[in-house]
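Chain naming follows the written order as A, B, C and D, and within any one chain the residues start at number 1.
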Amino acid sequence: MNIPVDLTLSLVLLSVLFSFGSSRLPGLIKVIAFQGVVVSIVPLIIGHDMTAGGILFTLATLMIRGIVIPFCIYFAIKKVAIRREVEPIVGYHASVLAGLGLIVAAMVVSHRFNAPSISASVLLLPTAIALLVAGMFLLMARRNAIAMVLGYIMMENGIYLVGTTFSVRALHIVEFGILLDVLAGVMIMAVILQNIKQTFDDVDTALLRTLKE
Amino acid sequence: MIQSILLWVLAMLLAPFFSAVILKVKAFFGGKKGPPLLINYYTLAKLFKKGSVYSTSTTFIFKLGPMISLGAAVTVLLFLPFAGQPPVFSFRGDLLFILYLLGLGRFFTIAAAMDTASPFEGMGAAREAYFPIICEATLFMILILFYVLTGELSLAAYFSGTQPFGMWQMAGSPMLFVVIAFFIILLAENSRVPVDDPATHLELTMIHEVMVLDHSGPDLGFIELGSFCKLFFYASIVARLIIPFESGYMALDLCLFAASLLIVYMAVGVMESVMARYRMDRVPKFLLTSFALAFFATVITLEFLK
Amino acid sequence: MVEFVFLSPFVTGVIAFFIPRHLGRPLLVFTGALHLVLSVLVWLRQPEPLFKSYFAVTPEGMLSLLVISLLFFLISIYTIGYLKVSDIKSEHIFTGSMLLFLSTMTMVTLSDHIMVMWIAIEATTLASAPLIYTHRTSVSLEATWKYVLICSVGIAMALLGSVLITISMDVGNVDAPVSFSALTAVATRLDPMWLKAGFAFILVGYGTKMGLAPMHTWLPDAHSEAPSPASALLSGVLLNCAYLGIFKTNKIMLAAGLGDFSGLILMGFGLISILAASTFILKQTEYKRLLAYSSIENMGIIAFGTGVGGLGAYGAMLCLIHHSLIKSSLFLTSGNILLGYGSRLIEKTGSLANRMPRTFVAFFGGFTAISGLPPFGIFIGELFVILGAFKAGHYISVTVLVVSLCAIFAGFANQAMRISFNMSEVTIGLTEKANLVWPQYVLLLTSLVLCFWIPDTLYQTIMSAVTSVEGGF
Amino acid sequence: MNSFFLSTALICFGGLVTFLVWRQFVLMKAAAVSIISIGCTIGLVDAVVKLLNPGSYTASFEYLSLFSLSFQIDGLSAFFLVAIYAVSMLATIYSFHYMNNAEKALRSAANYFFFSLLIVSMALVVTATNMISFMLSWEIMSLSSFFLVIYDYESAENRKAGYLYFVFSHVGAMFILAAFGILYGYTGSFSFSSGSAIPDSAKLMVLILSFVGFGSKAGVFPFHVWLPHAHPAAPSHISAVMSGVMIKTGIYGIVRLYASLNLHTPLFGEIVLVAGMISGILGVVYALGQHDLKRLLAYHSVENIGIILIGIGLGMLGVSFGNPIMAVLGFSGGLLHVLNHSIFKSLLFMGAGMVIQKTGTRTIDMLGGLLKNMKITGITFLVGSLAISGLPPFNGFVSEFIIYLGGFKGVALDKTAFVLSILAIVSLAIIGGLALACFTKVVGVVFQGEPRSASAVAVDEKEPAMLVPMLVLAGICIIIGVFPRMFIAMSLMAVPVSGLGYGRIPMEPFIQMTANISLAATLFFIILLVLIALRTVLYRGKTIGTAGTWGCGFTQPTPKMQYSGTSYAASILEFFRPAAPLQEDHPAIHGRFPQKTHYLSHVDDIAELHMMRVVVNPFLWLFDRLRWIQHGDIHLYIGYILLAIVVLLFFV
């Protein structure tokens, strides 16, 4: 039992609920930024014996996740002045309820797996799963392209959590990989977003349904 | 052998005479005197004396037709045992050869008819091509029965010596069906009433006669002779079936055979006198009855034998 | 010095972004040639990689690498002619991304570390995204968006899967480098449940990239919108790279004795893909989408064969090689048709046979080849897959396979004959220059030759790759 | 084997060389024709030699350094090789004058290339002894013949024909492949020979699957749908080869697999027999209903395949009931009919090709009176018609005679077998009668009477390269019909390998039989000669007049008044209406001054009808519904991924 870890993880879970509830892009971005920061803290406090380089690396990750990416997205919005709604497919209350159910489900599911001995907290696996599925939920339930990108980031957070806390092997390369993924991925997506905005003068993905059988 | 050949020649010579019997019978029923019994010989002689007129539409097939139909009929007679005497030739499966040879004759009769570009002859040809199909099925049904009875596939095996009687003994009553079926085929194949009326004058209603409208002179003579021989062939088979007995003495057998032939021809004559010709679309049903009879006979007999 | 093989196109790619077009095109061909030479050298010499823990020379990787560099060389030749006649706004981006794409794919074939492999595959997505958006139309934008998002999500799954495999090491208390080769060696001691979970995630992740149904959804859009050389690369080699990831993971599974589990899943996804492809091919209206779905079908066959194992695995390997050759040639040909008729719709085309005879030969040859008719290689591959499936006794699944193959053939033949023979009065806007048809001919000929005669070294490589997944005759 | 491979190589070369010289049209034709026919001749001689001194000749090549492509020539293969090479050679010669469109030089070159490919692949199919080499040559055969079928792709119906054929042959190949798969699954070896060890149920499965596959190539009802479309589409020498020999490779496959599996349960024999009867009767019935000359001939291929299957089926019954004589009669009759049919059917197609080339129409009711200007074509066609109607003294009769004997042997067997034998005999009889009706129609309407349209008036025949093959084939028809001994011997050479399980067959009874047939035929000829002599005597010095046909009182006859082929067949079709639904379009005449009217009729092929309605359309409908999954909404696409994960995790 590890109080600080549980505390941070519950914060993460809370952020999930907030993200489901937030109807405005800026708010959503803030939530995701907060989530990124918190998630990046976890490896530091979970009590692996870490090298200085490791700590440095983790801090860098924290910077990027918590500050760089959210800000660049924020400015992307500012620049192209996108409407602020996340244009939900599933309504906010329903989403929040879904979030709650999702967390519970994650709890239940996580018991099926024999979590490895080194996992310091019982909340770790459920949180990871919750983040993963929540990210996918955002991807599926929000029409606004930026909201979808944010959902993608949330998903990556979940994976990051798993990758950095469960396994001591190949820690840095995992972090590096995820980092590159998020960075490059988000950059590319941002570029595409701008193009979408220019072409359709909106980022409502309902407009992107012409290619079909 | 010599004897068989002599019988063969005799058969060819006598075929026209027997056909005349039919005319006599019809005349009798009509209360007329009727033509002399040698009328067919006179006709043939007259035809052979004449020349011919050919349609401009015709080709060599038109001339070939009569010869092949006659040739087929004559060849067929080679395999037929008269009065229980062995035929000139016989081999295992000669019946198949005979049936298909008659088919060849039919092919050329039809071809010759189509050669004239006449709508009426085409009509007759279509009928000539249609009806015998069912007859063949019937014949093969009967053939199967005979094969089961005797285990042989040649006319000689069926109709020479005491064989026909043996078949009666083995099969019994079903043979009656066979006789009737065969008689029906005889009527159909030789274009007699009720399938066809050789004496009618309306081309639309003819089958065989309309096909030979354009033939004249010796060609027509060949055709006539051929049809006599064909009729003789079927008639003698039926004759052997209805009177299957034979005494050891050849002369006696010949008389018996002639008598039975007369009976058959008279039966044909009576048929023609008392019945009217069927409407064309009724004919297939008539022929199918013969097939049904033959099939019935075969099945029953096989049940006996099993 | 293995790394040089993917570093060199990386460098030239970066350069290509900043040089004018008249230099960019020769650079493309030059890099292709260089890459071909290098990879053949690597194949024959088998040199040691610099970072042994990250990279390795494996038979399956070598096969893919050879295919990649041969294809890229021919495609680059075609691209010269293609760029001359088609109007592409920012050509330097196109060329640059082509080269980066090449380098990332090469990296995939060489990587041995799980994470490196994953990074490389993710990199291919990012490098190829600009290619799809080359034409700058709204639909191409949509295609790109779908491609990037769906593939990223899928790849994220693969990442999770890789992480789970490392977890399985911890649970099993295995101490080994996190590389495929090392893991295969110690596979039996890995924790089976986490391993299975890892395989599941990796299959879905890389399967998304490979175009297995139901994760294939991005594929037809991307292939139909990308310019033909790019589609040829995507379909010809990118899918193979994704398959490589699955293949290597499957190796671990087999070594761990979980072959039945992985085989079952592979066969299942294979069948679903083939069925899905058949549904879409039967009434297809665009020929490039048709080809895309046919790729899905072939990926399905390959996955199926790998799952069957034995003779099936051998057939799958043959299918993999020949599909790359033939499908890329078909996509190049479709480029000619698009330039000639100016429309992606099948009913706008027609009478290819006498309007563009050389293209027709390439197109119809490719069609016969892709639908598994001799004398081209896929025939023998499919033959072995089906016979192998019978040998393994999967009667029902092989029935489904055969039925859907027939349906696919019926649909594809219908469209191909329409394009080739139906009368049409369209004026053709393209003169069939040599470099617009010869690459296709060379590809088809390669497949034809490989159907009857495989050089011994290549044969050894194939067999060692196949036997590593317990395949073979 | 060397001479065999030499001939194949030569033929391939002949096909390839056309691409070098296609700009000189005549030179190209001459080169191709000469080389290919030489190759065929070598192959023919080789095959005859191998057939007459039995023993098996094998050759095997390493393939992909792991497998082997092996070929073998035994009696059966040699017998089929004879047919293949003979017909192909004559067809090649025929094509020299038939392919006369110099504008399509390149296409003709391609045609020759694929033609040579077809010949070679057929030869390889009948010699292949393991699955890989068989499937390889089989698929190449289908592919090359497909390209030959769509030679005239300008017309939509030819494209449809090509498509149908393509799909059918591919599906058929898949069935064959499935059969092989089961075989391989049990034996684990690619060669056919090891098949006899597997359980009977598996054997039956293999045989039935392969029967569907091979049947779809051979044109067995109801898998014949492609055939009446493809044969009219192809150029006539191609139709001659396809109908003459290519579809026989299906028969070969059936016999070969049956032989190598030696299954002794009667069920398969019964299946084959029944299929034979159905295709025989329905084939000729549909043929009667056709207006297109080549379509008619195509349906006759269905009929003759039926006759062949009847023979083979009787043979199989004989094997499974341990009646060797019946088995030998059935198999040898069927195989001999394979040879005979390949001869007279190619002859008929060549004749049809000549007619079509001269008149430019395939519609029977537009023709007429061709015999006057096309003597040789007409006479050879007549010979072919007599032969295909199975009339003595022509070759068709001989094989049917043997099959009949086999059938009569079967009558002595027990329950099911004897019923089937009786049915076989009767249906053979019916088929014979119908065939006669059909060909009297063809000969009578096409070659006799008066021209029914302008296109049939000014015709001639001057091309020796087209006439000579027809004469040769007609000659062979008569030779086999009168002196069948050698040819029956050939078919007997082919029989022993077909798994009858006992050694040499006593030749004596067969020699006796052939002697009888020859005797009877000669008798008939002698009598005919006598009659001809008699006729000439009777006509000596008589006046021979000519006049118009007597119109039975009608004085202004026109060619339009002739009996048309349609009306000729109408009454027979009426008899078979349920099996061959007749579609008619004939607005009734009314009013005192009736308007111009017309009459259209065509016979539906129930197999085609139901294949569309029962199989294809539901399939298409279902797949159309499934297309929804590609709806373009990215959110659900991501949902698919999640779904896949969740489902998979249940398996973990």
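One rule holds for everything that comes next: contacts are C-beta pairs under 8 Å (C-beta built on N, C-alpha and C of every residue); 3 or more make two chains touch, one makes a residue touch a chain.
The model shown is predicted, which means the values in this text are computed figures rather than measured ones.
Of all chain pairs in this entry, the one linked by the most C-beta contacts is B-D. When chain centres are set by their Cα atoms, the one at the greatest distance from chain C is B. Taking the mean of the C-alpha atoms as each chain's centre, chain A and chain C sit 31 Å apart. For this pair, chain B with chain D, the centres built from the Cα atoms lie 36 Å apart. Centre to centre, using the average C-alpha position, chain B and chain C are separated by 78 Å.
With centres set at the average Cα position, the gap from chain C to chain D is 43 Å. Residues of chain C in contact with at least two other chains: 145-146, 149, 153, 193, 197, 220, 280.
Not a single residue in chain B touches at least two other chains. Shared contact sites, meaning residues of chain D that touch two or more other chains, fall at 627, 630, 634, 638, 641. The set of touching chain pairs reads A-C, A-D, B-D, C-D, using the touch definition from the header.
Contact residues on chain B toward chain D in their complex (touch as defined above): 48, 50-59, 61, 63, 67-68, 70-72, 74-75, 78, 89, 91-94, 96-97, 100-101, 103-104, 106-107, 110-111, 113-123, 125-127, 129-130, 132-133, 136-137, 139-141, 143-144, 147-148, 151, 153, 203, 213-214, 217-219, 221-222, 280-281, 284, 298, 302.
Contact residues on chain C toward chain D in their complex (touch as defined above): 145-146, 149-150, 153-154, 157, 193, 196-197, 200-201, 203-204, 207-208, 214-215, 217-218, 220, 261, 264-265, 276, 278-280, 282-283, 353, 368, 371, 373-375, 379-380, 383, 386-387, 389-391, 393, 398-399, 402, 405-407, 409-410, 413-414, 417, 420-423, 452-454, 456, 459, 463, 473.
Across the complex, chain A meets chain D through its residues 89, 133, 136, 139-141, 143, 205, 208-213. Looking at the complex, you find that chain D touches chain C at residues 63-67, 131-132, 135-136, 139-140, 142-143, 150, 153-154, 159, 162-163, 166-167, 170-171, 174, 177-178, 180-182, 184-185, 188, 619-620, 623-624, 626-627, 629-630, 634, 637-638, 640-641, 643-645, 648-649, 651-652.
By the touch criterion stated above, chain A contacts chain C in their complex at residues 113-114, 116, 118, 132, 136, 139, 145, 148, 152, 155-156, 159, 162-163, 166-170, 173-174, 176-178, 180-181, 184-185, 188-189, 192, 195-196, 199-200, 205, 208, 210-211, 213.
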